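Both complexes below contain chain A, partnered by chain B and then by chain C.
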Partner chain A sequence: MSDRLKVQLTEALLIPVLAVLSGLALASIFVLLTDVPPLRAYVELYKGGFSCAELTRCNLFQSLQLATPLLLTGLSAVVAFRSGMFNIGQEGQFLIGATMAAWLGFAIHLPPVIHPAFVIAASMLAAGIYGWIPGVLKVRLGVNEVITTIIMNNIANLFMTYIVNFPLRADTGTTAHSPLIDETARLPVFFQGSKWGVGFILALLAALLVYLYLWRSTPGYEQRMAGQAPLFARYGGIRSDSAAIRGMFISGALAGMAGAIEILGVHRRLLQGFSTGLGFDGLLVAILGRAHPLGVVLVAILFAGVRLGAQIGLQTSVHIPRELGGGIIALIILFVAAENFYRGWINRVKEGVKRLAARKA
Partner chain B sequence: MEGFTDALTFDLIRSGMRLATPILLAALAGALSNRAGVLNFALEGKMLLGAFLGILAAFWFQNSYLGALAAMLAGAMLGAIFAFVYLRYQVDLIILAIALNLFVAEMTVFFLRTMIGDVGSWSDPSIRQLPDFEIPVIHNLPFLGPILSGYNAIVYFAWFAALALYVILFHTRFGRHVRAVGENQDAAESLGINVARVKFFALVLGGALAALGGAFLSVGHLTLFTRGMSNGRGFIGLTAALFGFNHPIGALFASLLFGGADALAVRLQNVTKIPPSLIQFLPNVLAIVALVLVALRIRGSEALARRRFRQRARQQLARERANS
Partner chain C sequence: MPLAVEMLNISKYFPSSGVQANRRVNFAVEKAEVHALVGENGAGKTTLMNILYGLLHHDEGEIRVNGRPVSIHHPNDAIRLGLGMVHQHFKLVPSFTVAQNILLGMEPSRFGLLRTGMENEMVRQLAEDFGLRVNPGDRVRDLPVGMQQRVEILKTLQRDAQILLLDEPTAVLTPQEVHELFEIIRGLAARGRTVVLITHKLPEVMAVADRVTVMRRGEVVGTLPLAQTSIPELAKMMVGREVLFTVEKKPASPGPAALEVDDLIVAGVGGAPAVMGVSLEVRTGEILGIAGVNGNGQTELVEAITGLRPVEGGQVRLLGRDISHWPVNERRAQGVAHIPEDRLGMGLNVATTLDENVVVSRYRLPEFSRWGILLLDAIRRLAARIVELFAVASARPGEGIATLSGGNLQKVVLGRELAGDPRLIVANQPTRGLDVGSIEFVHKTLVEARDKGAAILLVSVELEEIQALSDRILVMYRGQIAGELSEAEATEEKLGVLMAGGQLESK
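And now, the complex of A and B:
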């Protein structure tokens, strides 16, 4: 292993770990306000998110289920990042995909296997187009994609609310919801009693495909170059504009896949206020995962566990509001983004070690 | 009947003016930071913090003006923290803003739950809404009077801030420095302008303005705080700033347009049977259209400049040929 690679690898691992620790340390100030010792709170957080008592009551499985949409929206953000775009529209694209899946799940009838495959493909197409729009606006007109995707999140949210209240409303129950999807369209779960299922495998597969696309294929290479150095890419004969737009389409499609899997594998129908809580989490996963599929897989599970642990561990067991989980995630992101903060004293420590070694020799 | 519709129209305009206020304050903050070369997505979080601390302070001091003031101070402080982290550690602006927005959104609810024990919203009967008052002379003007007068102090302050910001940006030394930094940071630096200091002040001032916009929501427009109260207004404000070409007066008109669209949406919700989720499309689609129009305009003026440059070059070439 070359020295440079070694340095890169240690930084890639060390900085997120340090960020997680600093985030937890800073968050303990807020824990102290609640009369629960921070260490106890974090133990509860861990138990709530990652422990596994028995197969039927396993928090870890639930975390893995919750990690599925995070993983896919995280990948979505990675593909956009790598084409030089900030796609903040995962929530909107997720909702478009979910709405499509909820509709096709009961509106058409197909044999098992084929039905979910078709529904997922259609959802990905719809959400891909929804991601393509801000891509085109950015590349062709220079409209800031962060703002357009945020506004398009609102629009998708309103659209979903309308769809679930009017055209697809199943009955006049208290919460508006669409009819249940067909048995044939459902994605199976691994264990009775948990909703962790095939969707997770599909998400892992998607992570592998994203890796192969970005680092082992020509269009992926073009896209990365377009993201890193658009002028250089154009000089080398890459049409960086269309590469960036393609990146936004794929990014949207991945977020749409997350929406479809949530419907087919977990909820089986569209409910009012369905995606609340997803927000920008996909993007945050991509940032902490250093915009790499492997990092995204790990961080998605970590985030899902923190969110679940905040709910079961903190809120239910020791009565700390579960919003602390989101607060911790925000702090971790802050510390990761401020990597220069660590770089300074990582270097200082390194120099110190070198000096010690020199003195010994 | 005619008088009745007139009253309704005035009502609509007035409610548009009110709803435009938080957007305007965020837009001014956005315009100022854009002019200083900082795309400020954290406005949303600063606004939410202002709404939360504004009402808490109004309750604490039993005075809503002090509440608004406390919100401004808190916004300025958050702006300072944002600026410090951004300038000191070169953190990516968008990532920093998203983390900050998430932090404020989650922790306001955290405090709501731990300190007050409420889940989604909070209010107290002792909190007084900021009172509306008339402006002496303007109030008596025939048509404009009812439109321009009879609001609370934050509304007037927002208009004043638009004018003041115009003067600051275009007629003071500090404003010239801000614009220089935004247009070409390196050139500004080489001329001895302290880029970091300019950005810092732009972000602190912007934080105070955005937070005041938040306080307008919690103690000016209503007297309660609900989770996620800013509800995207920070982003709409940023859009309004871009739509007004980062000019304070342009931002004023853009905000009035968005506020008007909001008011119209509320009105349509009350008088028609169109589902609210469809009506709410209006302000959002308007925002996208506005962004596209701005982009087309910028692109158009660039193309025009290019054409003019070519023409001039051609003329010069012809002249040189004729001379030789």
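And now, the complex of A and C:
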């Protein structure tokens, strides 16, 4: 391994770790306001998010289940970033995928395995098209994709609300919801008592595929070049326009896959107010994961774990409001954004070590 | 009288790229002299100056300013010590006026309120003191490059710089502007300021410097008073061997036409036509040079031929086939190579690896990908071959190229473009910003490609380059061909007349 690679690797690992530690350190100030010793709070947070008492009552499994949609929306953002597009439309594409899955889950009847496979494919196609539209608008007409994707989030949200209240409404309960999907369409879970299941494996598989696509395939190469250096790509004969549109389609499809898995694996039906900003979390996951599939996997699990830990560790065990979990995540984001701060420190430490070694020699 | 600057035994190692940029460098500048620091790209000149200015920190050695040992950790320390640096790429705010830029961060104020009325007067006074003509109220974005550089110099003087470090100041200037800059430099020295001029252009050193220090591969080769040296001697010190200033080439033996351009019309950036009815022909085995002052439609012509800019009228034919509306990749597949003017923005993607840079024009070939999967080993072998054939120092397959010097980056571009034995090579300013050794290499490579049967269209604003390489020469003026000269007829005077829009008297 060359020196250069070593430097890059240590930085890639060291900076997120330092950011997490700094985030926790700063958050202890807020913990202190609640009269709970910070260390105890963090032990509870950890237990709540990452421990595993027994297979049927395992917090870690629940975190992994919660990480699944984050992972996929994160991948969605990565693919768009890497082709030079800023897709903020994960939320909308996620809802389109979920709506499609909820409908096809009960409206058509297919044998097991084939049913969920077909539903996920259809949801990905629908959400992919939903992502393709802003891509085309950007490339052909120069409409800023940030604006169109935000607008299309609202459209998707209202569309979903309409669907669940009128055409697909199952009964006249207090919260509008669609009928339960067929048994055959469900994604199996691994252990009774948690909803951690096949969806997570599919998400990991997607991460692997995204990695192979971006770094090992010609269309992925085209996309990265067009995103990194548009002029260079055009000069080299790459059709940046179609690369960008393709990037938006794949990005949309991945967000749609997240929606489909949430329906088939967790909720089994569409509910009013179904999404809770998962799309936007995907953007953060992608940024913190340094727009790399492996980073996205790790950060998605960290995110989900901290959030769950705040809920059942902090709130239930030591009565600290679970909103602190969000606070901790926000602080970690701040510290990652300040990565140059750490780089300076790392270099200074390195120089010091070198000088010390030189003095000894 | 103490020396203005003394740098003793300075060493600097970059662990990330494994380069020893400075090795026990000793460098001394006397007060009120113009001192040229010369060396090839990558010789360590800029590193040395960045250390002096506090942008980098040296591993060992000592710096003295005005005879006193100092430690400079930040440009602010350097500025306090009376140092000022003008970078190659200007650091000005385009939408601000000249005066606002010069006074940036030290605006006159009273009770916390800006006194904008005073700004122009202060700057006018400053400019007068140093004999630099500027108009304080002009917006920087409207100024020509030479004027912007003047603003940068005034900025350092406003901060009371006694020692000015100018990094490659002439790289972006027209000959006329270079002349004016030299007058400014001499004027500064006459007023007791010290000027360090970093450059690799030897004629400029001869024109303006008092003494010269030559660097090669991170070490100082020697410091000489100008009177005791000459261009060939300095070039030899820089490169480490004799340098040929003429390109050896046999007479061309042109074959059939490779590129034919008929009555071409191309729009410029603003939409107004930049190329207006150009017709030309490049035959296999010849170099057609296009001379002209920058901005007379050369870039638009090149981009229309290579497919980056739409053809509005007329025709571009490659080996008899009309390619006027073909996309870039199809033209490249037919053997069109392009060495672009903008090396860093267009010719390379400095954010990625060498491998991904060299494969950009051919990743779809069966040799480098199958079923849409990149064959990484084959791509790595291509990178290794280019590194070897073109002697790209310090480039390694699989690693980034961001730390390579300008000359090595251009070798990567050349290697990629010439690796497939192209039929047509379109080279736009192929040696801009390169040092003597690299220019020699580029020229030799182009002549070799010609002898192997490539047709070469060479666009350059350097008359010497056009004259040295071309078999035939066209001059472009305001989007049109102002005249054609054979290699034998093309004297500097005749070319100069045509470039300025004049007419040659009929024979």
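Going forward, the second predicted complex is superposed on the first by the 359 of 361 C-alpha atoms of A that agree within 3 Å, B and C clash if a C-alpha of one lies under 4 Å from a C-alpha of the other, contacts with A are read in each partner's own complex, and residues count from 1 in each chain.
Keep in mind that, in the parts below, contacts are C-beta pairs under 8 Å (C-beta built on N, C-alpha and C of every residue); 3 or more make two chains touch, one makes a residue touch a chain.
Since the structure is predicted, the reported quantities are computational estimates derived from the model, not experimental observations.
Superposition model on chain A: chain B and chain C are shown in a clashing arrangement.
Of the two partner chains placed by superposition, only chain B is touched by A:F86; chain C is not. Looking at the shared chain after the overlay, A:Y162 reaches chain B, while chain C stays out of its contact range. In the superposed model, A:I329 lies in contact with chain B only, and not with chain C. In the overlay built on the shared chain, the residue A:A19 is in contact with neither chain B nor chain C.
When both complexes are overlaid on chain A, the residue A:I287 reaches chain B alone and has no touch with chain C. When the shared chain is aligned, chain C comes close enough to touch A:M225, but chain B does not.
One of chain B and chain C touches more residues of chain A, and that partner is B.
After overlaying the two complexes on the shared chain, residue contacts for A:L141 are found with chain B alone; chain C is out of touch. Listing the residues of chain A that touch chain B in their complex gives 30, 33-34, 86, 88, 137, 141-144, 146-148, 150-152, 154-155, 158-159, 161-162, 165-166, 279-280, 283-284, 287, 320-321, 323-327, 329-331, 333-334, 337-341. Chain contact summary for the complex, chain B toward chain A: residues 39, 41, 85, 89-92, 94-96, 98-103, 105-107, 109-110, 113-115, 232, 235-236, 238-239, 242, 275, 277-278, 280-281, 284-285, 287-288, 291-292, 294-296, 298-299. Within the complex, the chain A residues that touch chain C are 2-5, 7, 216-219, 221, 224-225, 228-229, 231-239.
Taken together, the chain C residues at the contact with chain A in this complex read 15-18, 306-308, 327-333, 338, 340, 342, 345-352, 356, 359-361, 363-364, 369, 372-374, 376, 396, 399-400.
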